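Mind having a look at this structure? Questions to follow.
Letters A, B, C and D mark the chains in the order given here, with residues in each chain numbered from 1 onward.
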Amino acid sequence: MVKTALEEFAFLIPILPALAFVITFFFGKKMPAGGAIFPILAIAGSFVISFMITLRMLGNPEEVISQSHSWFAVLNFGVLIDPLAAVMLSMVSFVSLLIHIYAVSYMSHDPGKPRYFAETALFTAAMLSLVLSDNILQFFVSWELVGLCSYLLIGFWFEKPSAAAAAKKAFLTTRVGDVMFLTGIIILTSDLLKLAGGFQDGTYLLRFDEIFSYIPQLSALQANIFGFEISHLTIITLLFFGGAIGKSGQFPLHVWLPDAMEGPTTVSALIHAATMVTAGVYLVARTFPMFIAAPDSLMVVAYLGGFTALFAGTMGIVMNDLKRVLAYSTISQLGYMMLGLGLGSVIGLEAVGVSIFHLINHAFFKALLFLCAGSVIHAVGTQDMRELGGVGKVMPITAVTMTIAALSLAGFGIPGTLIGTSGFFSKDPIIEAAYIFGEHSNNWIPYLFSIAAAFLTSAYIFRLIFMTFTGKPRSNYHGHESPAIMTVPLAILALFALVFGGLTRTGFMAFLEETFTNSFVNLNIGNLAGIGRNELIGTTGNEPLLILWLPLIVALAGLAIAFLIYYLRVVKLGPLASMKNPIYRLLYKRYYQHEIYTEFLSLGIVYGVIAFLTQVIDVIIDSIVEAFGIITVGVSEELRKVQTGVVQNYATAVIAGVGLLIILVKLIMEVI
Amino acid sequence: MLPVASLLILVPLIFAAVTFLTKTKGQAAGLGFTGSLATLGLAIYAYLNFESSTAAMQFFESMTWIPSLGVNYSVGIDGISMPLILLNAIVIPLLILYSWKEDRESPNRFYGLILTMEAAVIGVFVALDFVVFYIFWELTLIPLFFMVNIWGGEKRAHASYKFFIYTHVASLIMLLGIFGLFYASWQQTGIPTFGIRELIAQFQFFESGLLKDAIFLSIIFGFLAKLPTFPFHSWLPDAYTEAPTAGSVLFILLKIGGYGLFRISLPMLPNTGNPELMIMMLGMLGSFSILYGALVALRQKDLKRMIAYSSLSHMGYVILGAAGLVTLSVSGAMFQQFSHGLIMSILFMSAGAIQTSTGTRIINDLGGLAKKMPKLTVVMMVGFMASLGLPGLTGFIAEFLVLAFSYARLPGFVLIALLVIVITAAYHLWAMQRAMFGVYNEKLGDIRDINSMQVFSMAAIALLVLYFGLNPSPVLNMMISNSEAIVSLAAALGV
Amino acid sequence: MESLTMGNLMFLAPEIAVVSTGLIILLIGVFMSPRTKNVLGYLATLGVLTALVLTVESFGTNAALFSGTISIDALSQFFKLVFLAVALIVSLAAIKYNENSDHTEEFYTLVLFATFGMMVVASANDLILLFCAFELASLATYALAGFEKQNARSLEGAMKYFIIGSVSAALMLFGISFVYGATGTTSIPAIAANPAILTGNPIGLVAIVLLIAGFGFKMALVPFHMWAPDTYQGSPSVVSALLAAGSKKMGFVAAFRVFILALAALQPDWQLAFTVLAVVTMTFGNVVAVSQTSVKRMLAYSSLAQAGYIAMAFVVMTPMALTGSIFYTLAHAFMKAGAFIAAAAVVWMVSSGKTDRLDIPDHLDNFKGLGKRMPFAALSMTIFVFALAGIPPTAGFMAKFVLFSSTIQAGMTWLAVIAILNSALSLFYYARLVKYMYFLPPEGQKIRMPFPYAAALLFAVAGVLAMGLWPEPFLQWAMEAAKVLV
Amino acid sequence: MIPLVFYLGLSALLFSIGIYGVMTHKNGIRMIMCIELMLNSANLNLVAFSSYTGTLNGQVFAIFSIALAAAEAAVGFAIFMAIYRMHDKINLDELKILRW
């Protein structure tokens, strides 16, 4: 590995924002704009470093940056920047930078500015350290820290009970996933110890190269669960995926993400759209070799991802809250990414490329969507679309940029050419891969999921656009276009959302293909796929014409419907979109998740029954202890009455004692 | 080289004696603080001259005391005791600072008792002779008994009796086990000795497995009841809750149960009649305590009581890790003792601060305190996050080590413990949300935030939690070399 | 039959010191006015102190005097130490108790004669002498118990003590007569020499039980204890101290000599009897003590329990156990005497301050806030009760430590468990006393501690702590004493 | 010569009477008399044994115990006098302030 000055700075990438956190947290109050300047500078620094590293790496992807230091016992912390990490680093620091700048204005009226910037800085630090961690433990640590920051920032306005509740919900729901992740790590650890035969000096347990080098043995280990012979690797990877489900809001642990919109919009943009929620996807991508080598794991990923994509779409279509619509769209898009990774079972390493590519693009256009929504909310003061309408006239820039973002999200573009939005270039491959999968295994479910989701996507996003920006104001609000400090980031993001995909498409894929063949790890994905009983066939891009065009067609269809209903308003869906319609009610109530999870499972079963019973047991144990004391006192009270105070009785007692003693001893002596 | 081990007992004891004689609060607090600082100085001196890489006994002193019973006054420090000594030496000065501005009746007793407690606890940690060990062990009861009874809550009398007698019974049963150990080895060697290490070394040569089990069980019972662990915990919630803040913290620093587990029971375990069974038993107790404590804590209305149960739940990790009987799991268990001491101190201090400023501990009567007590909220948040095992803080290191490395031996129990993590998070966050966040409950009137002294002491502990969470090695390495010794003992016997 | 020479008289120097002090006090007391009589107290203390020194001086000497009716050995010396220690504490404290009374000389004479009796019992090697000395001690203490002629409680206590005492004296004498009849001798070694006659015939058992009753009355073993709580409560606290700490031990030493030395042949029988008595006694004592509100009565029951522990020696019968219980007697002497003196101090405080309830001067409520009113009394009382409960580092702990451990050694785990649970239970009422003294608000102002009480308490505390922190010498002596018995 | 058993029987009888008296009588004086009875039965034993075993200890002992009995009676009467002064009677069963 060639030593260059650059990688000496790699460790600074997370450190800088961390320092900014400390400074802003303790001294922010006395500074202009709540000391926002420190995070911004720090993150800018991180971005510069990561971007330069990325640029250099484009040259020779084999030369990855890897530094490890012993942490405690046999575990380490370290820096690993390979193509996968590089692009993520650049994206995270870049988006975070823009959002921080945007936030200077957006949060300007809030007294808690210093806390806000400190926490976002901390979040960025944690996220960056997550991306560049070279071992699963550090990964998990950062994973938890971003979770913490998400908790703190969702509850940023803690006086609002709803915010406090949402924060708690988010933390707990993701916690469920985290526990699965941790369980996976723990099983992995003890397996590795078993395989390695104790601790080897010089090697760091749980570092990715170490883990990957044991994949075959891990896959060979079998566990018998309910009579099924399951490979340890499958268990571990599925547990990891459990973590990803929690973090990336996949079904069934997605419930926290919509509520998380209680936080400031910038937070939603940064954490719950662009970066943190993609950590789950990143995790799967990071451990892709394990997934592909584990039988059935990728299958689960694919199904769940595809299902989530559709499932979230159905709810997005009925929401009236600006941000909630975007939240569901995020869930749905994350579903796409998962689906893409899951399809690695047929397209192999390309899956990583595809879904990470979508991840990056999604980051751009979703962050953009949120920031636009933010600027609308900031200006208008409400986020209920039923009260909006015609905002486009007062906020032209916002309207335009948001429309671009919407196009990108819906994935408009002309197949076969290089014309198209970023979303188009990253979403279609996933759908195509799903087609290939279907073709190969005669199992069309993922494909149907993805197509249907594509339709819904464009439907709900344009519903949002039309309801918000077009038509007459449905309430008397006083809007104004946001200041430049907010609109400039919008413009930049819009640019990326529009052209990034088209420009980098081919190079990007190729670059990411190198992730697992370099100076750090050198894996033959083909063999691993063999271990996982996955046969890799072909790549995307050469399907029948109809298939290539179909996504575009459904997207257009969605657009058309939204246009008819919400722009021209020729179609009235009075009864259809009312609580009388059971389907609508089901969707609007979000499949009664709240009732099922919160009220039935958490409050009912766990709190109401299990915890209650335990408490009863506790009382019982306690009263047993207490009983001793009570009984003793009672006995004492009775026994003291033996002492009558009459001397004759005392004499009698003495005599009786003598008599009894004689008899007793005599008897026992006889017995013995 | 100073005779640190003895000084660590003597210095606080002497200062305590002097403090009892003081008249004014100023003198009492001042003397108390000086005494604890002196102890801290000694502890640091010991730490600086401490060789972490070895399991050998250091600062060893010994002199004959009761030759006719083979009792020696022998003390020493090793990797098992050093961290716990540090824990006490560090937290107690901060505890005194924390309670600096509270004015209470007979402060001389208050600070005197704190120092007495410190001396007694450290005495247990350094003792290498069962008699010395037991004497200090029992001595720890008295300051706490007085603490709870003089400055405790409404039900203090009841709580203190329960604690006093319950744990006294446990200690007496332990004493029986010690007698058994003593005489059995006397019969074999012909030399009477109460030396802990000698007796443990002799333990393996006893013929009858039944005798071994009886001795082992009766001794470990004393430790388990002190830890405490389900189902021997009934004294804990009352005592922890009724005690004044300082008392609760002293309870938390009372790590002698777990210490005994590592110092005495684990080395004996491999030689018992049926080690596997014992390990299973310990593992079960451990994971059940974790689960049980968490579930009960989930339903507590009283903040302090909730913390008490969560402490029960956390101590489960100590037993689980010990049962794991792998170098790192045992080290994890030891580290859990250390980290638990720090974290719970913060939590009890926070609960105490809330009670003093609002006058209530009932979670639902609080609300929105974050608005009025921002400083407290920050520190308390650190404490809660550490307590629910957030990475980057000590709690996580301990729990990860315990879980990850006990898994090989006790997968089932580890999985139970893993499930509990969610519940743990649940009640912590629930309490946080109800008490600190949301709308401020105006009924509480106008309340003040914690004073600068309290901020300092709590923040200092919080920083330690953070520091050792990021860089546990300084403490962990001491433990590792000792746990290796313990585990290799077991491994030699194929356990 | 050797002549009475100066040389072997020297062996009796302690006894002589005590008796002569007693006589002197009696004589000069007559010619003194009540105010000046305080001197007598110091005189008595001096005499006891001298005797104490002489006894400690003569440790390790062995001799048989008066044709073997008196044997000076480690056992006798140890118990003399016990009795003299108690006598010292009592006579110190009594200086305050007898302030301005014109019966001072009688009091001290009685105390000293009682002590003399006990000392003789300790070294008696012949049943006749043993009985006489026993009676001497008893008679003196009867009078002492009823010393407050105007106090109904004192008189009642004395009466009960007297009646039960003389009944058991009769029982004892009856038992002795059987022993004598069977063996034809009253000399302990001689009886031990020809056990054959006793073992076979049934009167052996009767004799044993009668003797147990006789001694058990002094040892206050259930059911021969009935007088004890009433008398301890009724009689003046200083006297209660003498009874509980002193004459109780006389019962033990007599039992040691008679059963273990003389009637060794019948060990199975009396061992069995003592097993029952010990267990019943310690349990009954502890359980009933829980519900007592009069502190002296509570102490009485606690001393029942302690008697139960000490009696375990007759059950276990190993050198260790004997050492333990002999050690225990000394420890208990300090603890119990100290506790009663502390109670005496409180009673004095109550009767001097008019506010408190006087009908039961030693009622728990009068101990409220003692920590504030008489700090030293409270502190020493705390030490004594924790010692009685066996909390280290006190004499009580060391005593229990040796005694209980010996049961384990002998493999009698069940007995150890019973004893342990009992001592755990005892913590309950001891702790309650501490609670009253420290945790409840005082009802009355601070009071200066009179010197004599303070001195007595100080001595007792010193003894308790010394035996707890540096038990080695005492253990050695106890072992020597135990050697005499095996 | 009268067999030993007769003496023993007699003394046993006396002893039992004494016991019975102690257990039943209320009046202090009577109780003391009963106790004297018990003591004397023991003395009878001693003397009888001494003549049958041909040793003198018994008789010596008897004399000692008679003396002691006298002393005992003296102390006892003293106590009863004091009681009488206070209560104007010596019905011992009515003295039960101290109990429980």
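What we mean here is this: a contact is a pair of C-beta atoms (placed from the backbone, for glycine too) under 8 Å apart; a residue touches a chain by one contact, two chains touch by 3 or more.
Treat the numbers as computed from the prediction; the structure is a model and nothing was measured.
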Chain whose average C-alpha position is farthest from subunit C's own: A
Pair joined by more contacting C-beta pairs (A-D or C-D): C-D
Distance from subunit D to subunit A - Cα centre to Cα centre, in angstrom: 98
Between subunit C and subunit D, centroid-to-centroid distance (C-alpha), Å: 26
Gap in Å, rounded to a whole number, between the CA centres of subunit B and subunit A: 37
Separation of mean Cα positions, subunit C and subunit B [Å, integer]: 43
In subunit D, residues with contacts to at least two other chains: 22, 92, 95-99
For subunit C, residues that touch 2 or more chains besides their own: 159-160, 163, 167, 171, 229-230, 428
Sites on subunit A at which at least two other chains make contact: 629, 640, 643, 645, 647, 651, 655
Pairs of chains satisfying the touch condition: A-B, A-C, A-D, B-C, C-D
Subunit B residues within the subunit A interface of the complex: 161-162, 165-166, 231, 233-235, 292, 295-296, 298-299, 328, 331, 368, 370-371, 385, 390-392, 396-397, 400-401, 403-405, 407-408, 414-415, 418-419, 421-423, 425-426, 429-430, 432-433, 436-440, 471-473, 476, 480
Contact footprint of subunit A on subunit D as seen in their complex: 19, 22-26, 92-93, 95-100
Complex contact set, residues of subunit A against subunit C: 629, 632-633, 635-637, 639-640, 642-643, 645, 647, 649-651, 653-658, 661-662, 664-666, 668-669, 672
Residues of subunit A defined as touching subunit B within the complex: 71-74, 137, 140-141, 144-145, 148, 155, 158-161, 164-165, 167-168, 171-172, 175-176, 178-179, 182-183, 185-187, 189-190, 193-194, 602, 606-607, 610-612, 614-615, 617-618, 621-622, 624-626, 629
Of subunit C, residues touching subunit D in the complex: 127-128, 131-132, 135, 139, 142-143, 146, 149-150, 152-153, 155-160, 162-163, 166-167, 169-171, 173-174, 176-178, 180-181, 184-186, 229-230, 233-234
